[in-house]
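Labels for the chains are A, B, C, D and E, by order of writing; each one numbers its residues from 1.
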Amino acid sequence: MSEAIPHRPSRVRAPAKWPGLLALAVVLLALPLFAGNDYHYDLMIKIALTAAVAVGLNLLVGYAGQISLGHAAFYAAGAYGSALLVQNYEITPVPAMLLAAAGVAVLAWLVGKPILHLKGHYLSMATLGLGVIAAIVLNNEDQLTGGPDGLPVAPLSLFGHELSVFGSYDLFGLTITGTQVWYGIAAGFLFLSVLFALNLIDSPLGRALRALHGSEIAAQVAGVDTGKFKLRVFVISAVYASLAGSLYGYYGGFITPNIASFTHSIELITIVVLGGMASTYGVILGAAILLLIPQFLTGFQELEMVLFGAILMAVMIFMPRGLVPTLARRFQKEAP
Amino acid sequence: MTALLSVDQLGKEFGGVHAVEDLSFQVEKGRIHSIIGPNGAGKTTLFNLITGLYQPSSGGVHLNGRSLAGHQPHELAPLGMCRTFQNLQICMNMTALENVMLGRHRHLKQGTFTSLFKLPALRRADRQCREECAELMEFVGCGQYIQHHASAMPYGALKRLEIARALASSPDILLLDEPAAGLNRNETDALRDVIRRIADKGITVVLVEHDMKLVMSISDQVLVLCYGRKLAEGTPEEIRANPDVIDAYLGNRNPREEATA
Amino acid sequence: MNATLSTPAAPRGEQRARAFDDGAAPGERADGGTGPIAKGGAPLLDLRGIRTGYGRIEALHGLDVAIHPGETVALVGANGAGKSTLLRVISGLQPLTAGTVTFDGDNLNRRKAADRVHRGIVQVPEGRQVFAGLSVEDNLMLGAFSRRRDKGLADDLEAMYQRFPILKEKRRLHAGNLSGGQQQMLAMGRALMAKPRLLLLDEPSMGLAPLIIEEIFGIITELKREGITIFVVEQNASEALAIADRGYVLETGDIVATGSGETLLNDESVKAAYLGG
Amino acid sequence: ADTIRIGSFLSVTGPASFLGDPELKTLELYIDKINERGGVLGKQLELVHYDDAGDASKARTFANRLLRQDRVDLIVGGSTTGATMAAVPLIQQAGVPFISLAGAETITTPVKKWVFKTPQSDRQAARRILMDMKERGFTKIGLISGTGGFGASGRNVTKEEAGNFGIEIVADETYNPKDTDTTAQLTRIRNTEGVQAILNFDFGQGPAIVTRNYAQLGIDLPFYQSHGVASDSFLELAGDAAEGLRLPASALLVADKLPESDPQYEVLNRYKSDYESRYNESVSTFGAYAYDGLQLAIQAINKAGGTDKAKVRDALESIDGAVGVTGTYRMSAEDHMGLDAESFRILQVEDGDWALTE
Amino acid sequence: MFSEFFQFTFSGITLGAIYALVALGFTLIYNASHVINFAQGEFLMIGGMGTVVLMDAGVPIYFAIPLAIAMAGVAGILLHRLAIAPAKNADVVTLIIITIGASIFLRGLAQVFWGKEYHALPNFSATESISLGGATLLTQSLWILGIAAVLVTALGLFFTRTALGKALLATSMNKDAASLMGIKTSAILMMAFGISAVIGAAAGVIVAPITLTSYDIGIMLGLKGFIAAAIGGLGSSTGAILGGLLLGLAEAYTAGYISSDYKDAVPFVIILAILFFLPNGLLGSRAVERV
């Protein structure tokens, strides 16, 4: 509007992002201090990669309100895609990973177009179908994918060096193990994932996405092409999953169609809801918790499943908005 | 004066019920054009047809001489048309200010990469948008809710928030569906000023309202709908005196009118 | 806020309403009703020290309200004053942080909303809240859910259709497809089907055409004649006060004025704030 | 260290729990027994176990934990091929002797330095079945297999081996391991020209459903199953429908029917009575894989005189003629499994019980 | 080749009837709360496994079945009381995750106390299968179809003819408004969970002679049931039956005529195609919301 704009900085400033990012960086840098052995690193790497997928999925589910129960398909597509590119076409891992991501983007665009006009549970079911189909293809095309027995993946090579998790490397005079290098990669990847996600959410694009969740009609009338935006965020979150999947493949050295399974998709969505929908930091915590619980429960043997189910229920009952948003609300200062 | 919006023999049928039937009228640029009529007369349906939420069964709508046939709702904001809703459409997962900022959507960069990297240009534009939208909230009279979450606002304030959001898209033509519902006398008076000032900026206003005091005091032209058809059209004075309108809509004794008389 | 009413800030939670008519002291209001019908006797609805809020934000700061049997009481106030919140407190949708709700001598604090309906407290909620996916007729019949099934039901339904002929015309339609005003009529009709003892109306005239508004006010007057107690929130303050026995003026969670409808209508500050120039 | 740490990750729960459950029970049973008798080389055995629930990526995580946190001396585990193969890259890099309990040939072919396994490979099972078919004069058969790891791998090796026995696979159908009905597939096989016998290669409950559907459809062609269902619970599930079918299995199921002169007689019957008296449930051939794995591990440690990983590995590779429940193991640098197809016996279901055919 | 076609059709109907019966169980809870109860499969498991365990303990089958079903009913009510009701104001996704937690929990309990073995239940009829046009049909499928038909009629009447049924629908549409009608929403939800569990458990018992039963049978059947319910249109009981039969037939024909490798994938493609044209399933009601 044309009227003069009085200076009113305190009332309208957007909440700053950097404190959160700084805290994340500090945590990621400090975690190695607590890592007693390489197995701890292994867990942290897995958490970081899973968290990155969840951060991407959260854009779709938490912010745009479109539920996907088939996201593991994109994760698997990234993992298998890059592994096969390296294996069959002699492409080095990093470009292979990017190529796979591009392929996944195209795939997500193609399948997203028809199914994203579905709503609610119907969308869940359609995405679930995608996941199921992906898992079936990976299982059946065993000539290519190794079938249910899985596929060995060549390790990541950086600057011409193969990165072995058992190797050790000299870096600026410091000797670090391959696993530690991997931790650096995974943590860096997570950090970038978060940074990009926060940027996105805090942009007009992100606002439009959240509006999809709030009121699709309001968004449309404001000029948001809802179909296009849903498709966009679907593709973005698929790319997140693909990249994390590729890294996971390189790191683990072996992948099976299980990573495309319904169970895995459910695990991803559970992480998002557990951590807190529409809370980027929340889903990181969600990933950490969901992956750590089974590690703590191994001692209970038979009771593991019972306890896992009970913990999941309890958290969701007492923190229905998810961990971080519920806690944030509890500690929030009284609003002015 | 030229017709900014023209509705030609528009019809909409829902399983045998003609919600709008053979309706033609024109809205001239810069005017405040009110549409009144009994409940269920088809006013909201008409808005939904104009803004592309419904596809007409017959007839069409032109904006600035351009046919809107087959346009999707989201294609209208760029053409300069925006609206509010009788059944509120507020994004309850966002703050009040963000709801208004959503209205500026079409003026801001949406590129995926621009957004991912949050380029400075985008950041600047967004900051400015924020200020402007806060200003708009003040303008429509819900400035005290700038920092509120939309879900924490009372009904009356939400109605105004919708107006602010619609204004944020800097429309040429603004369709308001019962903006005064839920406002008291004083608040309605304030709203009248807001609408006046909107019109003064050259924005054409199409107003659906049951508050006759507001309608009669502000409209340049009034269209009366009844059972989806045009019952009458004219200046407020003409309409007030029209016996058909009194019969079908106003009633013999209009208490609100009397209150102002 | 539009205007501030005269009373200077008093400590929150204290009764600080100006009683225009009889100057009854706080706490004595049990017999302080001034309506033409009910004087003396216990109030049908007695609210004391009502406090509630959303999260950490308090919306009502300790109100006292008493409504006697057969009274029609209007509640006026600006947007966000807490009118809807107060009605939700009475019908049990909004939990209390302090205070008591007494209905017909029983403390209702621990009673759920559904229970209160069975006792005769029926609300027409703000924003209509019809069951969009059910037919108009089903909506009306659900209104009578709390009643015993009896023969009277069919007659009542027919009576309701006479009152709002448009609903009869649309009775097979999904309520969500009704126009806004039609939904408002449905919400009103649905509540009446419950045969309330205390009817809570949250802006019943919202979105209605002038003729229908007349009808609604007609219905209210009629119910009043039948002896039904009514608590009505209206933005049409002048009309509401005109038919009400008494009124309360609510401002940001406090009752700032109370008195007979007529007194409030003529009070300058009330006029200035709510009734328009 | 003062104990010998034996690591294990098994599918104790989940879809492959019928493998992992008896395997874990067997390990626990014998580690207790051995410790009671004073352990190995004077040291107590300590079992560090995780349940991978049949999930390969969990298996990988737990293998990592065993290697890096628990620092075990040796691993006996991996109920399924997927779980095993997911762990293999780590184990190879870490250099810890690993005895897998899973079937597929790929585990030890090509030979991997640190990886051994106790069950016969699916290729051997396929050969044994095909051999029997050839003896009975069948040349055209139908194949139906599950799409899980075991079934898919079995299907592949069967198709590869069939030609060697002059047998043609004229119908080839699959089903999902969780399917509840396979009559469509069986109908297709039955209606294929010239089918003389049908083989179902899979484990789990799928074969029980196939067997029931087989009977329901009234198919009267000779019917074969794989070693994947060699347990009494299969008989229980399939009921009368199983009558007459044949499968290759270790002699454990017919331990009491063996002649005492059989070299395995004693091992078989001891394992059977140990297991059944401790757990009060019938013994399965899968638990026996763990029995053999543990025995091989202990032999190797004894032979190596300690837990030095390289020495234990070498000792494992040089095992020659260890009589286990599954068969008699003869390892070598070229063969990290050490059994031949002859270790399978062909059993037939007769009157609701297993019977030796020879 | 007619006999082949018949056989595929019979297989499809058998499968379809199973899926349909499972899908029916979703209807009630969905209609009361719009929650997809991912623990629905576990109710089936409790029905089937409960019967097996009770029979193993020496209870005769005609007591074992009702006891197991009652057990599931109690589990359903407890699920609501202890897990759903306390999560007040949680949104639908959260509730769905709670039901996922519950399904893991129940499966875990069953695994600990009832074991991991698969079990078979005897057929309900003495004759196991009947021959028609060269194809065989299990008599048990007829039982399943019959019971599904009875249930769908009962549910249909419940939702269209009874005040309680309407109240249940109203609760899912607008919980606050429903309680303003005097509907005890919490009790309604509890009833929905209880009855759903009973329907699920009954299904679990009837299908067990065909599908076998075990502690984890609920995962697969629950998933298929959800898919069937979605094709049919969530909330519609007739739709659940149609969806189940369609899914079963699609699977059987794919396995019979196309490729058993892609038996599970092809039906999904068909389903996606259906949803493309009917975004609310075959018989699902369109969401009515006006602006």
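To be clear about the criterion, a residue touches a chain if its C-beta (ideal position, glycine included) is under 8 Å from a C-beta of that chain, and two chains touch if they have at least 3 such contacts.
From a predicted model like this one, the values you see are computed outputs, not experimental measurements.
In summary, the chains found to touch both subunit B and subunit D are A, E.
Taking A-E and B-E together, the pair of chains sharing more C-beta contacts is A-E. Per-chain CA centroids place subunit B at a distance of 30 Å from subunit C. Averaged C-alpha coordinates give centres for subunit C and subunit E that are 44 Å from one another. Rounded to whole angstrom units, the spacing between the C-alpha centres of subunit A and subunit D is 37. In subunit C, the residues that reach two or more other chains under the touch definition are 55, 57, 177-180. Residues of subunit D in contact with two or more other chains: 13, 147. Residue numbers of subunit E whose C-beta contacts span two or more other chains: 111, 261, 264, 287, 289-291. Those residues of subunit E that touch subunit C in the shared complex are 163, 166-167, 169-170, 173-174, 176-186, 285, 287-290. Residues 36-40, 42-43, 46, 136, 139-140, 142, 147-150, 152, 164-166, 252-254, 256, 258-259, 263, 294-295, 298, 301-302, 304-305 of subunit A are the ones that touch subunit D when the two sit in their complex. For subunit C in complex with subunit E, the touching residues are 91-93, 112-115, 117-118, 122-123, 125, 129-134, 138, 141-143, 145-146, 149, 174-180, 190, 194. Chain contact summary for the complex, subunit A toward subunit E: residues 61, 67, 114-115, 117-119, 121-122, 124-126, 128-129, 132-133, 136-137, 140, 217, 262, 266, 269-270, 273-274, 277, 302-313, 316-318, 320-322.
Residues 13-15, 17-18, 21, 147, 173-176, 178-185, 187-188, 191, 205, 208-209, 216-218, 233, 236-237, 239 of subunit D are the ones that touch subunit E when the two sit in their complex.
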